[in-house]
Amino acid sequence: MTTTVTSPAVKAEGVWKIFNEGQPNEVTALQDLNLEVGYGEFVALIGPSGCGKSTLLRVIADLTHATRGTMQVAGLTAAQAREQQKYGMAFQQAALFDWRTVRRNVELPLELQGVGKSDRAARAMELLEMVQLADFAGHRPWELSGGMQQRVAIARSLAVDPPLLLMDEPFGALDEMTRERMQNELLRIRKETGKSIVFVTHSIPEAVYLSDRVVVMSPRPGRITDIIEVSLGDRNEDTREDERFFEAVTAVREALRGNHGGGSAIRSRIGEV
Amino acid sequence: MTTTVTSPAVKAEGVWKIFNEGQPNEVTALQDLNLEVGYGEFVALIGPSGCGKSTLLRVIADLTHATRGTMQVAGLTAAQAREQQKYGMAFQQAALFDWRTVRRNVELPLELQGVGKSDRAARAMELLEMVQLADFAGHRPWELSGGMQQRVAIARSLAVDPPLLLMDEPFGALDEMTRERMQNELLRIRKETGKSIVFVTHSIPEAVYLSDRVVVMSPRPGRITDIIEVSLGDRNEDTREDERFFEAVTAVREALRGNHGGGSAIRSRIGEV
Amino acid sequence: MGQRLRLIWPPVVVAAVFLALWQGIVVVNDIKPYLLPAPSLIFTSLFDNVSGVFDATVYTATTAFLGLMIGIVIGTLIALLASRFIVVNKLATPLAAGLAAVPIIALTPILNNMFDITSRTPRVLVTIIIVFFPIFVNVTRGLTQIQPAHLELMRSLNASAGKVARLVRIPNALPFFLTGMKVAAPLSVIAALVAEYFGGPQQGLGARIASSAANTAYGRAWAYVTAAIVVGLLFYLAVLLLERLVTPWTGRARSA
Amino acid sequence: MSNTQAPVRRQSGRLRRGLASLGWALAGVLLVVVMWELVKVIGSLVTLPLDTGDQAMPHVWTMLQGAMQPEVRGSDTTVLQAVVSATLRSLLVAMGGFAIGVAIGLLLAVIMQRFWFFERGLLPFVIASQTVPLIALAPLIVGIGNRISIGPVQWNTTYSVMFIASYLAFFPLSVGALRGLQAPTATHIELMRSYAATPGQTLRKLRFPASVPYLVPAMKVSAAAAVVGTVVAEISTGVRGGIGRLVIEYAREMTASPAKVYVAVFGAIAVGLLAAALVAALDMALTRNLPKEHSA
Amino acid sequence: GGGSSSTESSAAPASSAAAPASSAAASAPAAECTDPTPVNLQLQWFAQAQFAGYYAAKDKGFYKDQCLDVTILEGGVDIVPQTQLAQGNADFAIAWVPKALASREQGANIVNVAQVYQKSGTLQVAWADSGIKTPADFKGKKVGNWGFGNEFEVFAAITQAGLDPANDVTLVQQQFDMKGLLSKEIDAAEAMTYNEYAQLLEAKNPDTGKLYTPEDFTVISYEDQGVGMLQDAIWASEERLSDPAYQDLTQRFVTASLKGWIYCRDNAAECADIVTANGSKLGKSHQLWMMNEVNKLIWPSPAGVGVMDPDKWAQTVEISMGTKNLEGATVLTAQPADGSYTTQYAEAADQSLEAEGLNVTGDAFAPITVTLNEGGN
């Protein structure tokens, strides 16, 4: 919250990520990637499987280093931002701790911040309520279904209140109804707190429904091929029926299809945005 | 292949599954469930997170025992069917072995069946080709993205050729394009081999596109609340634009929404089917 | 109840079969007690000398327990340091391996010379050294063998190394620690016992076994050995109980 | 290009790592030497609970001198030479015992993992076996062993020593291996079950590979135990040529030339270190395929 | 000190005057030996001058003269020679009498066929300035002993002095080195004349920089205290002794062995070197000291070398049955059966050795003087 509103939430400049560089199993995951996420902006990342979305989130989160290029978060280096806890992250795998109950898994980030015991418990129960798992507070992670585990992980990522949320396919294993509920919860939280959010998803409607901009990535080596602005205003029940919603969905879909075909026609589109 | 065509692929009668029975953390996952999957039929299971879909698949696969009721597979008991390898299963988690390369993960079921080394490798490469991961044959699982791991798991489940496929959200972590490709591959395989398939998904369009019947389950305790017949004939590019497709999607969606509200109105609908 | 029975009867059955076989072989082949005493002889020797055996057992069990506790603490602490500071790790690992491979027999005379032979100290030290290694090796493994996803999570939460240790490494190491304990607990008994062969106060099991064996009173010697076995098993049982208490999550793989 | 270069680079990397750990081991030894002398210095200033006199704790240089002296006056082998050759011999025997112990330990672990009856029924005896002092067993083993002759191979006491070494080595391994065999996740076990994999297949394809993280520390402890067993058995049975026999022979001269016995004990430690190095090499081979701890 | 107490019993008549015919035949060196009989001899410890007679017999060809091919098996901490013998892993064994009798009581069928050591070599050593002069002075002191069944002479002496071993003294088990005494953790330490006592005299006094001397210590000899128990003897298998072939073997073995001991009496320095050449790691002066002290325990043997002194036997049995250790256990619970020892082989051997012109009693034996060097070198 000490960040001035003017500096972008995320700023990637010429970021490359090459795994196993120089070895036979070298993989270029990100190639010369440039991206700016404005303060308070909701950006969705979309692209074929294995194109580098998770890698990009990990570079932003300073969980891995860019091979080349610079990454700034809230005007700081990625490392500083991590150290100052400028972001919260929901991982693609739930990564729950088997030795903690569901509730205590949610409490973990609060514990690390030194929040008192009863406050922690209260906050955790509130979040479990939100993801509709209050009944399972005392269970162990392996007693939960895949979707339930994912919801616990979401609750955990929301436990503290960082200005930036990085979410990697958080709703992937949820059924449509629950997913819509969670989407609306996320939008509510965002509205109330003014968080910036970078959100990876495979669902085009989800990307469009949630975000201000949809960033489309190409298959390996991961590059940004398209950025589609979405201006739907406040989301509500009717948004999904909105003409503009369908337009945006179609635009994203085409951008993605173009990707699969590949080619220069798409490249030029970036200029438009 | 010795099964006569007349016995249903799966037949569940009065199946209950109660975890931790009698203990304070008791969970009724399945309640008095009856289901028949005809030989060569494609059945999709859909329902809210945690309703017992994975549990049902696990009971069919004899990976866990029904607390009460009987489960028959291909006219045999579930245990016999498992021992005679009447089914193949794709799990919700990829469950790859870290100590094997991608290719050797796909080879695993073939190895267990005693298929020779070069045949195994050839078949595995073919499957990896199909899931577009041939380039990664020599990589280790932890070097793959989430979606890539899932594709490896799909390839593995298709490595042998069992008459029944049990698939638990296999395409959950895939992008739309890849997903459609995989859906068509699955339909092709089914058409060529006449397999019976039980398929868990959260995507209503996917359920409708793929299956002959969509089985809708209620939240805990898991019961079947609706079964929606889909008759779209051979699927192709245009199916998704078909009127009947949208109708079925709407029917499933409503069945699911009704579920969330709960109530007796839905129960009566089962009679219709 | 049924659960508990399932826990108890297999060892009882195996023990009964084993002892019956032993007795049978001794009786049928007329094996003389100077070679191998029959279980019946061992038990009569035991009952003839219950209070003597008990006192000796208490003495040696105390040594073993002290050594076990201190060894566990030291082993765990150094493992923790080794997982935190690479220098400690690199230095301690070969040293620990060397120390562990020092046969107790070779170590005892030296310790007896360095410390007062008439005290318990050299024996406790021998026990500590023996206990240290399995604990250190297992805990070190447990502290470092962490799922990458878990470490990433902690990193994203900017958890300090200490917090990561407390919240992830230590719980993750618990099953490894207990595996080490399972090895260390019986070893502590044998270490405490063997350390007595070389001198010092003579009221423990080791001295009694040595003295009885030297006089070919094998019935008596094995009566003391039986006591040592009982102590070892009790120590082990305590570890099993501890395992159930502190790692309730580890049994799950078997539930399928 | 990169294809041909990469393996070369990896190999030289491995060599460098090996050399580095050797360096660290030497640094560790140096540290001990310094601490040893430091304790002696402190002991000469204040009273410590231990005897720091030259008798109980000879100076490091005294030990080095002792190592260079002839073993017995007039003989042309030095103490060091005697210790080195004994060390090598004991190492060989210990590794034999280690191999047998690992085989037995694995077998037991597999049986115990497979049949709950044996886990419950056998485990207490595996533990009990370790609390039986060798004094009660050594004569039995030697006595029975000496009667065995398989074809032209006549049992000799060295085999008894190896047997005793394996007797100590199998225990840590079976406990660790049992834990490791039970380590696979429920999903992995379900996967194998869904393939109707035979227990043997599940063992080979899943449980063994998954147990490696537990197996490796178990092997380290086992190797150390095998060394201890070898030395103890050499003393116990009096078999010639090994470091155990040297330790006890030199220990009798403790009063007069304490340095000698220390040299022998360091020989025993060297056996342990060599055994540990062998296991470490094995470790590198076994865990080569597993993800290394994240080091971003 | 020479063993004067045994001379009175030397008048005891030989138990069997007539040697068996077979032994007479065997005692004549078999010149035409083509196929020497293999024999295993199990020792109770590593090679050292304590066993010099056997190594000399082997090295000097005395065994070969008897058409024997002897393998000497060294002992270890946990090797029980009499058990090895009873199990058939050895043909003969060297063992102390009380321990061997205990094994006999537990079913090991073994017979003492030659009592080589006539006296006990066990001492209790204290500092000269400690005020300990007799076992009665042990009261309230830390008294060291080796345990392992070697403690009964200590217990007997304490009991004989009117003390209760359980309450009046603190018993401490010592290591096989003498550091406990030197560092004064122990007030009086058990020592063998031929080994541990020498270790004391090989050690440097840190105050003077010179070796300790006998004047620094008080020595209590259990032999002199009348509680000595018989030590090294040759044991044979009782079962096999009913077999004439084994009788013959025993005779040949005992004869050659005793000849070895006679040789070592007269050639102490050479015997010490023989032992060293057979792999003993003891220092040169220590080895010679041991050889000399062992000779003192054997010689003189008034009834002939290897012949049992019945009084000593009776004394050993009495202490074995009457003296309780800390556990309240005795070495023996009953009188050993007749036939636990036989003098027939030793006597026959002495006869034939005398016939060769050897002195079998050592009546003129005079020990040599050995100067111990630092560390026994």
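Things worth noting here:
Read from first to last, the chains carry the letters A, B, C, D and E; within each, the first residue is number 1.
One rule holds for everything that comes next: contacts are C-beta pairs under 8 Å (C-beta built on N, C-alpha and C of every residue); 3 or more make two chains touch, one makes a residue touch a chain.
Nothing here was measured: the structure is a model prediction, and the numbers come from that model.
Chain pair with the larger contact count among C-D and B-D is C-D, by C-beta pairs in contact.
With respect to chain B, maximal separation of chain centres occurs for E (centres as means of Cα atoms).
The greatest centre-to-centre distance from chain A, using averaged C-alpha positions, is reached by E. The centroid of the Cα atoms in chain A and the matching centroid in chain C are 50 Å apart.
Per-chain CA centroids place chain A at a distance of 28 Å from chain B.
Taking the mean of the C-alpha atoms as each chain's centre, chain A and chain E sit 88 Å apart. In chain D, the positions touching at least two other chains are 51, 55-56, 134-135, 143, 185-186, 190, 193, 235, 248, 251, 254, 291, 296.
Each of residues 62-63, 93, 142 in chain A touches at least two other chains.
In chain E, the residues touching two or more other chains are 77-78, 80, 83, 87, 175-177, 179, 183. Contacts from chain C toward chain D in the complex involve residues 6-7, 10-11, 13-15, 18, 35-36, 90-95, 97-107, 109-110, 113-116, 121, 133-134, 137-138, 140-141, 144-146, 148, 151-152, 155, 175-176, 179-180, 182-183, 186-187, 189-190, 193-194, 197, 206, 209-210, 213, 218, 221-222, 225, 228-229, 231-233, 236, 252-256.
Residue ranges on chain D touching chain E, taken from their complex, read 51, 53-56, 71-74, 134-135, 138-139, 142-143, 146-147, 234-240, 245-246, 248-257. Residue ranges on chain D touching chain C, taken from their complex, read 21, 24-25, 27-29, 31-32, 49-52, 55-57, 116-118, 120-125, 127-128, 130-136, 140, 143, 171-172, 175-176, 179, 182-186, 189-190, 193, 213-214, 216-218, 220-221, 223-224, 227-228, 230-232, 235, 244, 247-248, 251, 254, 258, 261-262, 264-265, 268-273, 275-276, 291, 293-294, 296.
Looking at the complex, you find that chain C touches chain A at residues 147, 149-150, 152-153, 155-159, 163, 167-168, 171-172, 174, 247, 249, 252. Interface residues of chain E facing chain D in the complex, by the touch rule stated above, are 45-46, 74-80, 83-84, 87-89, 175-179, 182-183, 195, 199-200, 202-204, 206, 276, 279, 281-284, 374-377.
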